[in-house]
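The same chain A turns up in both complexes below, where it pairs with chain B and then with chain C.
Then we have the complex of A and B:
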């Protein structure tokens, strides 16, 4: 009897064990199939809840589950998840995989299946869930830190529980701190006032208007005096930072607009300012510089793809020389013959500008060119409050400064510069002293053209590059040169800064259209008052 | 040189550019033959609209070639006469008059911006000519001399805004309207404000800003948008009505300042596949537009059109991309065919006869809808698509209308 009982017991135990494993395995698999089915359902609420469950998989299902969930979320976002008649597969280059098991799905024709539609709301949840899952699955600390920064911004799929688990798992001390702060900030509606105060303080660490709004909204229904006091204090702190950030942002916008104006005007400051030639093709020289940068990019892409990131630097001499060469040809073939007939020069250079525009249009086409944007000219970085410094404009400011310094040194310190200054001040006398004035004119014109080409390069990450791009710059650059004082480089930089700054100060108050009107009006009044501009060159012209 | 003579010269030059840059191009060989019928095109191939408007010239030619391949219209070969109004609005009127009076065109296809259409309008009305206008626009106009090939706001903008305000579209609550400063953006925004007011939305939930046409420096405005978005009151969206090359400039700055479509989606009412040709759109995914045709429209008719365009581009060395098709291209294409159908039905090229025959005509549009001319005016019933920008500079279809809604020329929200 005891023997048999034991056997029965053993049998039962084994049966239970077997049953347990049988149940346990399909349970996880069934869960996965359910989640996939919900995502495929096309029902907005079901899809949203499925994505939230996927985000939680890192906590509940361990790292294997998190990896699977991440795979699904990414496939959904990238629209490689395809559904149809009870089937869900992930389309990969090596053939489809079954979504719930990630095993190859043989004999499935993916062309009959369709990707579930991803609207904005779902995309946001999916992006958040994807970042959460990266927190749990990425090997490198840097990648996890990036994911943490992302979930800080996109919190749709984030819960305090998920973050608690992430803090638990995190091995890197600095990242742990970041995540703890992030977790604290989620407790703005916590029943415990201590947690609420901690949340306010955590949020206030990043002084942005968005966070200020979050605190203000939380305080609206607040009754606890300590929390209210902490909130007011946090908001006052944020307000100070925001005000400072706003001033910096305005200064930066002004400086960046000024750098654009200055770059466009620099070549003209030499050609018109020093030589007195009205070059209406100046804008087209900018365009030539931008096209030269594009051709350099294409050449590097074809020949040395590894250096593609640095094409903007490598293109500096190319853009400069291409525009300088066009300028040189213009001078030798046309402008040289018209030095004593200024109005003819004006018409001739205008004709050249039309010629250049249409030549480019016929040969390259009139569409906007696509420029590869290396990391140093794309995006921006937050500095203070809501002030974001955009990289492409920083690049333009840097090139403008570089060009200014280089030109000043060239004019002040080199023999060529001395010749140019001598010819500018008194042509006949300079000629008598043995300076080849013709050659000096030619070189100065080429320099002015080359600088316009450089401007084209520096502006290519900011503006559309197409055949007509130059026409927009011509009026602005004449305005800067005339306002600054014909012949004065310092005048040009001051005038550019002035116009840029006034423009960005007026724009938010009266709108962009009025800003343009007011700036032009100010320039007219100023020229009436001081016809020779800000910095009138001394000497005989 | 003296400054004064320079300033004078500059003024002369800029005045001259208005008069001299455009030109009427004729095909000399056909001008003298009377066995052809002429169609005129008023689309700019220079200036700020050149990049998008220029391609419509080629589509009109392509459609004419299709007609000619089938033996022409009423036994006559169709010849397309193109012009370049240089994105200069008054010039559209001048060249339009030239096309009608000197070239004797049977119909004119033209204009992108509403301000150019408004400038041509008196010309076609005085000469009792026909202008086929291929853009969706602000409505508030109903001329018997204009065939409005595309939709007024009731069947393009409003469905899109409604979608944005729905749960699925992100429950938009606050609106930043940013437009180029001319009639289309101002009228559209006026109607939108009336629409929102009728829904009980308070006036402090929206802001309206305008920039000069061709504006390129959006730094300050995007700072403003960020500040607007971060204020309390619910999900913000941007209703973008800037045109031409301002569109890529806007989006470039938008991305660089780190705003994504999740934070503040942009509904670009004039944003097209072609506007994103020079941009990396991976950071722009999710922004929206609304048109009566998107390149991803399903159906064999669309594939047919796309391959016809690609072949045309490759065979004729057209300086545009063979793999990009935009709504106004399709509308122009539809327009040429609708005109041909009307002329065949009327048995004449006379404008009154063609207009009369137009009522109720239908055409299988590449968008997949069977579009039709209304009987009571010269509007066309089109379908509606809402597109969402994808990584490859195209638009995925988020939503499309089940049928072709009736166009409403005069919006009830205009003076609300």
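Then we have the complex of A and C:
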């Protein structure tokens, strides 16, 4: 007997399961019919509850449900929903559709049916619900952003759950941020203090200025002491994270400026250490590098549009070689005639810089160049608080690192590098040992110029590119050389980082001018103490 | 690095006398042709007189730079700083005097919304006070910077670059509106100078003549100074500073004295220049302006005062003439002149001696030495 009973039980369970499945499908249909009936009822409370259920359709019934709900809400708003005789249809130019199924309702005369009344408050709820549903159903980001802006103003049909589901579904990062903030402000408006505290804590998890503002706004009208305490604590936590993020962001932008400075100053330092020549056209070689990158971009756009995304990478050799070639010509045509008159090289290189600026101005024009920004130099990675590690700065740092490693290997491991070091230390002795010092000068000048070209490439996604762009960098680059000492790679790095950081730290507080003044005064005081720079080669000169 | 100066480049008695006599002739001619004879066929228009006056101040500026570069071997790429200092100080005097005695409200007061001028404008209505400051302020700045640099033996290219940076920073400072010197608009709208209205008939020729007189006096005084034992010492320092130190000379003070004198002369040139152009703004502090001064000296020939004056006159006259109808071409011409001078004429136009012209391809031209690095 027990056995049989069990069998019966199993049979019953299976039957109930089957029944449940069978009922479940029409349940949605039943819900839809209920909702439509409520809307048609003309009872304000019932209509309002129906609209809230419609607004939540995107959470419960998936995108198909949301599409249906949107159709109903829009029909209700547009007064094309007609009710009567237990029947509800949507009047369309192609004939009426049954509201609950959206199937054609043949033989229904819409003229006998009337639209349910829509009063002002109901219209507001319906508009809000419609915008909520657009958040779930619109294809384009712009349309969803527009809907998000709308629900921010008209929150009648909005709940935190709906927004949580919308955030979950959202693919656009910026829009997701907007929706999260909106959800935070909704949560913070909860009538229950316990919920409000929970909301504050949940929001504080994501320490951004936006969330801090949301909490601060919510606390402005707050009376509950526990909520206020929780809010203060949360804001203090966010403030700490934000402050840390700000410090990191400043250091980061200083590091990217320093990379550009380093590239320009490294070339200057190599040339000065070797030949005692300061190249006043170094800034214009930066400009040449940036223009070479632009020409590479245009050439690729014309010839191989598929590779356009990689033009910045392809431009690395182009920028280097273009600037190196200009440098080589400078050395051969002018600088080598002035080897025992370093002061005259200042004038000569200045004349060359004047010539380069004006030649570019006349041939290409003096407007800022437009650079295409591939995906890898736009956007960034959020790190902490409002600190975003932007890719364009990362690119500059990466180019500088790459160039630094290449130069170290070149100077330490190659024959050319050995020659450069030998001639820097003692020109006459190096010559006597059989090194072709003139050729070494020429190659080193080309190398130093090429490094400036790389600086131009590295800064092209960051700064304006125009014929006069180089003049702004030249003074800072010299200060790096003076500070870092001649012919010292480590010195150039330390000095570039130092001057780069001073610039970005002082600039927001006292302005760009103060930063430059301070750097210059520091350098003047500094050379009192160490005239040969921080990392001068040992020995008497 | 012992280099013996057999070439008597320092003293070019003939050229020196020719330049002095020409200046004297101009001092007589300008007031005469610009004043009573201005209507005659040879007469000077006020425009031309004004340009002669401006060029005279440029020549004075070049003289100042040659003193320190040609004779001291110290290149300054920042003489625009001293020039602009003189200019700003005289502009402050003229505005304040116009405000106090003439009741003309300076533009910067309206622009900045001031009811009175800042405290450091105190006393500027008095010309003697302003004049003393024109000598004192640039002299003090030159002294401080020179003392710090020469004491730690910063020289050559380093020194030149830092003077350039100094000027650049001064330009950035002056471009700010809140420093009280007129910001990027600078200062203009001068009404009187020494009690005479700026628009008075003799003003232009008077200023031009005054500039020429100051130039001639400075030229003669500097010539005498460079022939004196002090000048000889300075030249010796240029040629081999280390040796002089070993011989027991203190090289710091002669260099510093020449440097300060050069700065003050440049400031006087600026103070003469600004009343003639009627405006001063921070563009005078741009690094290009200072480098152009060095170009004048390099073209005329370093180490010869007459060369500096001639170089300044040639290039500025060329610039006034050319920028009138081909302004775009001027940078190319200037760059070309510099490149030709530095590669082909190491001592500037002074290389164009008759025998050199006969044998232009001779290789053994000896450039004036620079201090050992």
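Criterion: the second predicted complex is superposed on the first by the 346 of 541 C-alpha atoms of A that agree within 3 Å, B and C clash if a C-alpha of one lies under 4 Å from a C-alpha of the other, contacts with A are read in each partner's own complex, and residues count from 1 in each chain.
The working rule: a residue touches a chain if its C-beta (ideal position, glycine included) is under 8 Å from a C-beta of that chain, and two chains touch if they have at least 3 such contacts.
Keep in mind it's a predicted model, so treat the numbers as computed, not measured.
In the superposition on chain A, contact of A:210 is made with chain B only, not with chain C.
In the superposition on chain A, contact is made by A:120 with chain B only, not with chain C. Residue contacts after overlaying the shared chain place A:513 against chain B and chain C alike. Once the two complexes are overlaid on the shared chain, A:338 sits against chain C while remaining clear of chain B. Once chain A of one complex is fitted onto chain A of the other, the partner contacts of A:176 are absent, as it touches neither chain B nor chain C.
By the touch criterion defined above, A:355 reaches chain C but does not reach chain B.
Touch criterion met: A:479 reaches chain C, while chain B stays clear of it. Looking at the superposed arrangement, the partner reaching more residues of chain A, out of chain B and chain C, is B.
In the overlay built on the shared chain, the residue A:346 is in contact with chain B and with chain C. Contact with chain C, but none with chain B, is seen for A:528 once the two complexes are overlaid on the shared chain.
Within chain A, the residues touched by chain B in the first complex and by chain C in the second are 276, 278, 342-343, 346-347, 350, 354, 357, 362, 475, 478, 482, 511-513, 516, 531.
Against chain B, the residues of chain A that register as touching in their complex are 44, 79, 117, 119-121, 123-124, 127, 154, 208-210, 212-213, 216-217, 249, 253, 256-257, 260, 276, 278, 280, 342-343, 346-347, 350, 354, 357, 361-362, 364-371, 373, 378-380, 382, 386, 388, 390-393, 462-468, 472, 475, 478, 482, 486, 504, 507-508, 511-513, 516, 531.
The residues of chain B lying in touch with chain A in their complex are 1, 3, 5-6, 9-10, 12-14, 16-17, 21, 45-48, 50-51, 54, 167-170, 181, 209-212, 214-217, 219-221, 223-224, 226-227, 229-232, 245, 248-249, 252-253, 255-258, 261-262, 265, 274, 277-280, 285-286, 288, 319-321, 388, 396, 398. Chain A makes touch with chain C in their complex at residues 272, 276-278, 333-334, 337-338, 340-348, 350-352, 354-355, 357-358, 362, 471, 475, 478-479, 482, 511-513, 516-517, 520, 523-524, 527-529, 531, 541.
Taken in their complex, chain C has these residues touching chain A: 69, 75, 77, 145, 148-149, 151-154, 156-158, 160-162, 164-166, 168-169, 172-173, 175-176, 287-288, 291, 294-295, 298, 328, 331-332, 334-336, 338-339, 342-343, 346, 367, 370, 373.
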